[in-house]
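One chain, chain A, appears in both complexes that follow, with chain B as partner in the first and chain C in the second.
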Partner chain A sequence: MSLIQLENISKHYGKYQALDQLNVQLEGGMIGLLGPNGAGKTTLIRVLTGFLQPSQGRASLAGCDLAQPEQLAQLRQQLGYVPQHPAFYPTWTCSEFVDYIAQLKGMHATAERKAAVERSIQYVGLSDHANKATRQLSGGMQRRLGIAQAIVNDPKVLIVDEPTAGLDPEERLRFRHLLAGLGNQRLVIFSTHIVEDIVQTCRQVIMLKKTILYAGGLNELLEQARAAQVSWDLTSPTPIYDQQLVIVSSSNDEQGYHYRIVGQPPAGSNAKPASNVGLEEAYLWMMQQASA
Partner chain B sequence: MIRTFCLGSLRNISRNRFLWVMLPLLIVFNTFLGLNGEVTYTLFTQSCACLAIVFVHESKRDLQLRETVWSTRYNLFSYSLGRLLAYSIATLIVIVLCEIVVLFFGGKGEIAAILHHNGARIPMSLRFPWQLWVKTFFSMLPIFALLLYFRNYYWLGLLIAISYWLYVFAFVILLRQNILIGTITPGFYPLRWLAIIPSTNVFLYAWADPIPWILPSLGLAGLGWFGYLAKCMWVKTAEPLRIQPAWIGLGLVLSCLSLYLGYQQFVAMLHVYNPATVF
Partner chain C sequence: MDDATSQRLNRASSIRQPWALWRLQARIVRWRWISSLGVTSILALWALTASYHNAMLVVQAIMPTIIAWLSVGCLIDDPTIELSAATGLGIRRLWWMRSSIIIGPSWLVAMLCTWIVAKDWLIFGYSTLLMFTALSLGHWMTRITRYSLIGAMLISFILLSQWVAPFWWLPMIMKQRTQLEQVKQYLFFPLDSHAAFQVLLAERHWNVLMLGSLGLITALWAWWLYGREEALILPRTE
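So, the complex of A and B:
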């Protein structure tokens, strides 16, 4: 059964087209939503959470038709959401805030709620800061508190919008580990523009640039990219300054300048097809195709 | 859920630094001025008007939080009712705090009087002026409803809240010279029509019977609240409302009725009201 189903979803703000004819059917697990800035990731997430109504098309998540208010309300009972910029009441403590969200999610039994709050705060590693005011938390801790409020009701669907943007490497690793753990038991939609985050955590990916460029398994995408020979290794005695080339990596030694490029290599060059193709190359290839 | 929103708002109010700095300052300032009849009234209204500014600050924070809160079982009806209840309770608490000050330091044995709408003069204890509490409490309700209406427009809300607070504050200097709608002395007052709004003429009729204030205030607050719900229903925001259109319609009708009946009472009061005869 498809847990995410989009049929001809479009969204426009006046004349600006944010999403164009999205069609997707994906199963559960951890799904990466990948695209450049301005690709429409946050708009799609807002459609999936029901904050925005699509201009056209139908969307369903975890079997709930988002156009039906009753089903949307039903979805929200099993939804956890971490927005791109999580905000809190600055004078409240972490426990108070998570407890407040738990109550709004319908957890009325006090003892059970308190235990769930404690558990979720512990899960994200904020137990030592539970009684600290939210304004005293660092950026990384605030993101983790965002996760804690989202998982307090043990949701079946967790949507996380660019959680790793602006975090230091250590906090990013911690975050990836957190999300990977959560993805074992539920549908997690993880939006990001950082390719490495997807590689390390997701098995399915949606690539977006106003329209769907790819939706499916990560391995299948890499297979496609390899078959299409999207990536080339190139060595040149002089540096290459061609703005048209999409250079993924470069290095130099006494033999010359070594480049990994995506797309067609320059005519007459000594480019060889790359033996291993990563998601970054596949992503750039997709973006190139979309721009062509 | 109404209770959760209400308690959440009360927690925000109780931890608002602006309020806890301003309240003691106002109490000291007004006590210094002597807490006679008009200063006592000013203390109540100024202190409660601070809550309008707190309301706007909380609305701004709620706007930042809305994606998180909307992903819960949030609905606009519970949220707005919870907040209005919280601010009504906070108004009562502020009135009680001011009353404690007035009880110990106010009046010095002076007795003011209010004019009942049948024309009778009723003495009022300045140590226990329940008539002023009633008027102050009900004059805040339309302000909160108005600020709820503009909750997504921070600067406009702040402008309204600060203007109202300054307007109340200015009364200390201007006493009954109401700059907006004029006094009972003749003259050109282009905004005189504002007199039907209880929150703006709170001083002009400071010593009038408080009863004719209740219905117009409730009517205006109801119009603001149900009007906002109706607007959100009309423009089809993604916010779940959880209230049927028929209830919104009924609320609007009752609010209009309350405003109309209150206005009749108010006009009747105006016919007999002459501040010069009160004392």
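So, the complex of A and C:
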């Protein structure tokens, strides 16, 4: 059964087309939503949370048709959401805020709610800061508090919008582990423009640039990219400054300058097809195809 | 957590929200309802010690405008609104709860003041109508420019409370053209529009009451409709 189902979803703001004819059918687990800035990731997430109505098409999440108010209300009770810029009431403590969100989610039985709040705060490692005002938290801690409020009702669906943007490497690593753990038990939609985050945590990926470029398994995508020979290894005696080339990585030694490029290599060069293709190369290839 | 616990925790919330949630909403919009109640109470006290003339000024123009102004931003000023709207309660119930908290106490004070000073429910009904209309207009404006609260206040104050309703809208619909001539003498003194309104009410016709009721129902409907709008606080483009 498909847990995410999009049929011809389009969204426009006036004349600006944010999403164009999205069609997706994916199963549960951890799903990465990958695309450049302005690709429509946040708009798609707002459609999936029911916050925005699509201009056209039909979307369902975890078996709930988002166009049906009753089903949308039902989904909201099972949904955890971390917006791109999670914001809190600055004078409230972490516990108070998570408790408030729990009440909004319909958790009215006090004892159970308090236990759930404590559990979620503990899960994200903020127990020592539970009684601290949210304005006193660091950026990374605020992101973790965002996760705590999202999982307080043990949701079946968790949607996280660019949670690792702007975090230091240590905090980003911690966040990945956190999300990977949550993805074992529920559907997690993880939006990001950082390819490495997807590689480390997701088995399925949706690549978006206003329209769907790819939706499916990560391994299948890499196989496709390998078969299409999307990346090449190139060695040059002198540095290459060609702005037309999409250079993914570079190094140099006594034999010359070594480059990994995506797309067609320059004519007459000694480029050889790369034996291993990573997601970053596949992603750039997809973006090139979309721009072509 | 097992399925049973999860289902119990995730049970659907009812329309009637618990007292604790009302208290939290009141805490979130506290400066709005306290300001609204404070200003209305001060004006009401002033009206009680002053004349009928001043009392009418309070209930007819200033009170509804202030309450409306303080209510329109109760969602867009909330930093957590996207989060609150996307999960659980939804934006519609939040809008209802918060605007009720802001409007309710001030409205009761204004009602009491009107009754004590003027004993005139017609005037009170008219001011309530203005309040909801100004609220609707202000709310509509916030959808366009998000933070144009001052603009909403000025427009609702001048356009609705002072000019359109007393000088044009009511007289034209009531077809009391002879009295319109009397009304027009106040045209260049907008703050004296209560006097113009008094002239209009000199002969109490049922059509005034019916018109007021119709307006109030329309305004309440508009308020309800705004509450239904899920994407209330989003800008038009991103």
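One rule holds for everything that comes next: the second predicted complex is superposed on the first by the 292 of 292 C-alpha atoms of A that agree within 3 Å, B and C clash if a C-alpha of one lies under 4 Å from a C-alpha of the other, contacts with A are read in each partner's own complex, and residues count from 1 in each chain.
As a convention for this text, a contact is a pair of C-beta atoms (placed from the backbone, for glycine too) under 8 Å apart; a residue touches a chain by one contact, two chains touch by 3 or more.
Quantities reported herein were computed from a predicted structural model and do not represent experimental measurements.
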Just from the overlay, do chain B and chain C fit on chain A, or is there a clash? clash
With both complexes superposed on chain A, which partner does A:Gly80 reach: first (chain B), second (chain C), both or neither? both
Just checking: does A:Tyr100 make contact with chain B only, chain C only, both, or neither of them? Give me first, second, both or neither. both
Is A:Gly14 touching anything from chain B or chain C once the two structures are fitted on A? First, second, both or neither. second
For A:Ala116, select first, second, both or neither according to whether it touches chain B, chain C, the two together, or no partner. second
Counting only touches as set out at the top, which of chain B and chain C does A:Thr43 meet: first, second, both, neither? second
Considering only the touch criterion stated at the top, classify A:Leu52 as touching first (chain B), second (chain C), both, or neither. both
Please determine whether it is chain B or chain C that touches the greater number of chain A residues. C
Going by the overlay, flag which of 2-10, 200-208 or 218-226 in chain C ends up clashing with chain B. 218-226
Contacts of chain A common to chain B and chain C in the A-superposed view 46, 49-53, 73, 76-77, 79-81, 83, 86-89, 100-101, 103-106, 149-150
Under the definition above, what is the set of chain A residues touching chain B in their complex? 46, 49-53, 69, 72-73, 76-77, 79-83, 85-92, 96, 100-101, 103-106, 146, 149-150
Give every residue of chain A touching chain C within the complex, in rising order. 13-14, 16, 18, 42-43, 46, 49-53, 73-74, 76-81, 83, 86-89, 100-101, 103-109, 112-113, 116, 149-150, 153-156
Chain C - residues contacting chain A, complex: 1, 5-6, 8-13, 18, 20-21, 24, 28, 79-80, 82-90, 230-231, 234, 236-238
Counting only contacts in the complex, chain B reaches chain A at residues 1, 4, 8, 11-12, 15-16, 61, 64-65, 67-74, 236, 238, 240
